[in-house]
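Here's the structure we're looking at; comments come further down.
Letters A, B, C and D mark the chains as written, and numbering starts fresh at 1 in each.
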């Protein structure tokens, strides 16, 4: 049995779906953040797979940038969460609905 | 130059066997080294403090560590009521495993002078190291970042205040110094031109300056990265003078206060494994690893590199013990200040300097001019940063007063 | 050396920018000196360019420098570039020269003003705009300068804007200029439609080559004439210029003598090939506009008592001379008169400023007199200016005016007659002014004659009152503009202490007077009529005129006759004025008609027109704007608001709901692409 | 061999992912996340992306998840979330339906173009190992993508500064925070590091 790129891609799709559903059903902002990381990782996996299938290292370069941007995103996102949580401990994502129309 | 020659010709039974043997040897060497190191430390400290130290168990008290281990195993295994049991059990291994994995990338021997570090076992060419991944030295960083989880989760899962404080301290310290560690490591990579530990050692094996000064990265990188690495490694290892994690006066026992019995033994083991691994890594990166003069009769040839390696590691181990016996502990803010305001900027600046010199080499610029200009820029930047720091300090004082 | 042309406008611009940034810090007098230095440098650059130009052979004196493509838009491509030819450089020369002197003078005049540096900011910007107008190599760049000088004149006229009259004078100048700008813009469109380019090179080349139909050319010229009438204050749009006296005196000198008002003359001379290819009656229109202006303004000037108003109307009148010179085909004479006029009128204005300065802001000539003794330099230079404008040989004004009248005679004797009458009146009212101000007894402690205040109030404030009504044009809702209830001089009566004696002005003010007096005497030498060889200026300008200068048909006899008539007219005017105002042999009553004093009721007619039928039109426009346009806009807005209210329900504020909608969207997009792929 | 690695890796990844989504405790979720990240790193190695595997561990496991844990510990927000309730009506079934629909779409696309990725094949062949991936990657990043590299560097700097500012402000607004100053110090320090 030979592992083809499609295997990785299916795995990536499953991971992405799990992350996406998790983002939709979880209320703890930190866990939602983790689900976003799951989705990013799914995408990274597919990029690396494509890089191998196409023999083009640019796929890996994209993953590199995704990593960096994810780090930046987490830093700012967590800072925001910390700022919010200090004011309203135990707030869930549903409690932060100040922007409703 | 593409990894271990052992794996280049397909994988058969012999290869698997050889790898298993290597793993066994490495693990055995490590365990033995830890046992001896604990004894060694106690003995040296006793000597420095003018007392005798362990002398009952076995000759010179050599078996003292084993006795302590047996005692630990038979002690009661306590898990606090409020602890997160699963994480509590997991934490020691998170510390232990990375320590050993890191050791796997260290070349322990091999004739780097004539043979490129290749040894022959059972008719197969291989390196005398457990693994030589192409990203070699990054494994060290990866593993040390995993080690942080061990400390962090151990403290957190205990469900108790002191361990939590200890773990926050320890992990903050580890993360802070990891940056400086990584940056000084990059200096080595720039000079050696490879991430693989084998290649790094090989690059240091050649003839040095004037025929007798070794071609070590210690000199090629200009000592500064080595000093930074040494300090950062001490902080990573929570060794004196950065052993704030175990500052008994403040934190009881640090993040593993609630651990007892063999779980505590794991931490203890991991700590010393880390110490040895880090010493070995430093030898690999800066002191040429097992590379050294090969001479004498034929049977000595495979042995001499191991001896050189052992001697160099001993140097660091002794230094670690020495520091513990003599240097007073830092304050926490001093520790953070040193890491963030001195080591990181310094290693960054030095990295830039080395990179510029490298570019200058390629472009054929005048070496002296490049260095002079770089130094000027660095001194200027340092002055700017000092000014910024002092003004920030003043602001903070003013804020606190008001 | 011609490549340095960009420096000419660049220096005032640099001065402007520097002053905007550092003006307040430099303060007084640093800001003034900086501005003056910028102008001086610009003058020097102009000189260099001028020398470079005359260094070239006569038919090669046409140089364009393109800086960059300014407006690339479809077919329309306009470069920002400069055109150096004898015409533009003549203008640039006297503009920078006079402007430098005026800058210098302003340092003294504006002494102690709280907005000292701001004044110089405006002055430099004004000079920059004017130079752009003159040096621009296409109509659009000229238009930019045209608008720039308009804006700056607005800013400068209402410089002391805290006084309502000054502010409304500025607005009046601005609004009146708009009418002219409309003409200019439509002319530009016409030019672009006709030849597909706005550059002078193309336009003049096309016109010279006969590629523009006479109808089109006439349209262009008449529309440009509308622009020129607005900018150069010709009948019927001259009403703003006398009001513009509200600005500081250096502004009056800069705007009314050297620069802005001559823009119209420049423009018409610039497009002379277009005029040449238009219908034959077009020049006559220009000529009649000019000559009527000259006459009307001269009559009004007879009855003015404000020292600056007299000069203002005299400017309008002199501009009329230039216009009918253009209409008569005497382009050289027109430009020549522009230059001499720039010198002597700047001199007169600055002199009047010096007088006003000495009299502590008193501007009523009836309260002056005998100032000769107190202001020696001012009076001598003012008298030189007077002789120049009155047309007494050998002063500069005589030569240019004589030239104009000669060509007028050549063109149409009726125009000559009217022009000569205007010249006579000019000599008369200028002499009246000089006699009232510098000769006779000092009257500054006397009260104004009993019957005069009411009349004077009417006469003096007729224009400013109309200014209030102009205000009404801008803002129709305040239909009843507040009349100026207190006459200015009533306030000033208390301003002069009992032991008041006028004093001479500081050197920064008198130096420009002296410097300007020199060309006012000798500038006639530029273009002496005696032999062909002495027509320096005519030869110099030749490349810019494309041979469109009118040819004199009469012989030397005509020349001598016209010249003699000019001299006689000037002397008669002066003597008559002396008889009335110096010797008091005759009553001034017949000369100071009410119609003259009220400016032929032109201003008030405008005001009534705008206030009556005009208001109705404005109200209709207002209704249209409120109901139809605002209604549409508000309708759209309320529609959007209603939609927003309906859609607001969707915005739950819950991040997870949003995320769900994103996922649904992603699914839909994926489905869309899949269906497309399968097709 | 690769099959084995893939299966183990996939199992770890999916187990970790499910752990993130299903565990009530945020800390457990974070630990599960580490598992997933490791699995991904393993699969990276299996696909000869050694450098990315190392960076994956260093950045994600070493920095990002550590940050999560720090926040969890310091703010005490590690309350177990009651997964049996769902405040938003129909959110959960809708989420599952949407997720499955998305997965179905991707599967459709994959089955339509199985093993036939479009595009020009490049010169880089990670399996043959002629050029180490790190060399190829380095060339790509520092030549083709050098601008993006600079941009991300800038982004990181801005992010760090922004994070510090965000957290500091909260301190001044709310001085009666229940966190000891020492711990706050540590959290700030940590924010700077990442």
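Assume a contact is a pair of C-beta atoms (placed from the backbone, for glycine too) under 8 Å apart; a residue touches a chain by one contact, two chains touch by 3 or more.
Owing to the predicted nature of the structure, the values given are computational and were not obtained by experimental measurement.
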B-D or C-D, whichever has more C-beta pairs in contact: B-D
Distance between the centres, which are taken as Cα means, of chain D and chain B, whole angstrom: 27
Averaged-CA centre spacing for the pair chain D and chain C, given as whole angstrom: 71
Computed distance of Cα centres, chain C from chain A, in Å: 69
Inter-centroid spacing, chain D versus chain A (mean Cα positions, whole Å): 6
Per-residue overlap in chain A, given as positions that touch at least 2 other chains: 20, 24-25, 27, 94
Multi-chain contact sites of chain C, meaning residues that touch two or more partners: 654, 656, 660, 663
Graph class of chain-chain contacts, one of line, ring, star, complete, other: other
Chains grouped in pairs wherever the two touch, ordered by label: A-C, A-D, B-D, C-D
Residues on chain A engaged by chain D in the complex (per definition of touch): 1-11, 13-22, 24-28, 30-31, 33-35, 37-38, 41, 44-45, 48-58, 60-61, 63-65, 67-76, 78-83, 85-87, 89-90, 92, 94
Touching residues on chain A, where the partner in the complex is chain C: 20, 23-25, 27, 32, 93-94, 96-101
Footprint of chain A on chain D - complex, ascending: 2-3, 6, 10, 13-14, 17-18, 20-21, 26, 29-30, 33, 36-37, 40, 43-44, 46-49, 51-52, 55-56, 59-60, 63-64, 67-68, 71-72, 75-77, 79, 81, 86-88, 91-92, 94-96, 98-100, 102-103, 106-107, 110, 114-115, 117, 119-127, 133, 136-137, 139-141, 144-145, 148-149, 152, 155-156, 158-160, 162-164, 166-167, 169-170, 173-174, 177, 187, 191, 194
Chain D to chain C touching residues, read off their complex: 88, 91, 94-95, 98-99, 101-102, 105-106, 108-109, 112
In the complex, chain B residues that touch chain D: 2, 11, 84, 87, 90, 133-135, 138-139, 141-142, 144-146, 148-149, 152-153, 156, 164-165, 168-169, 171-172, 175-176, 178-179, 195, 332-333, 336, 340
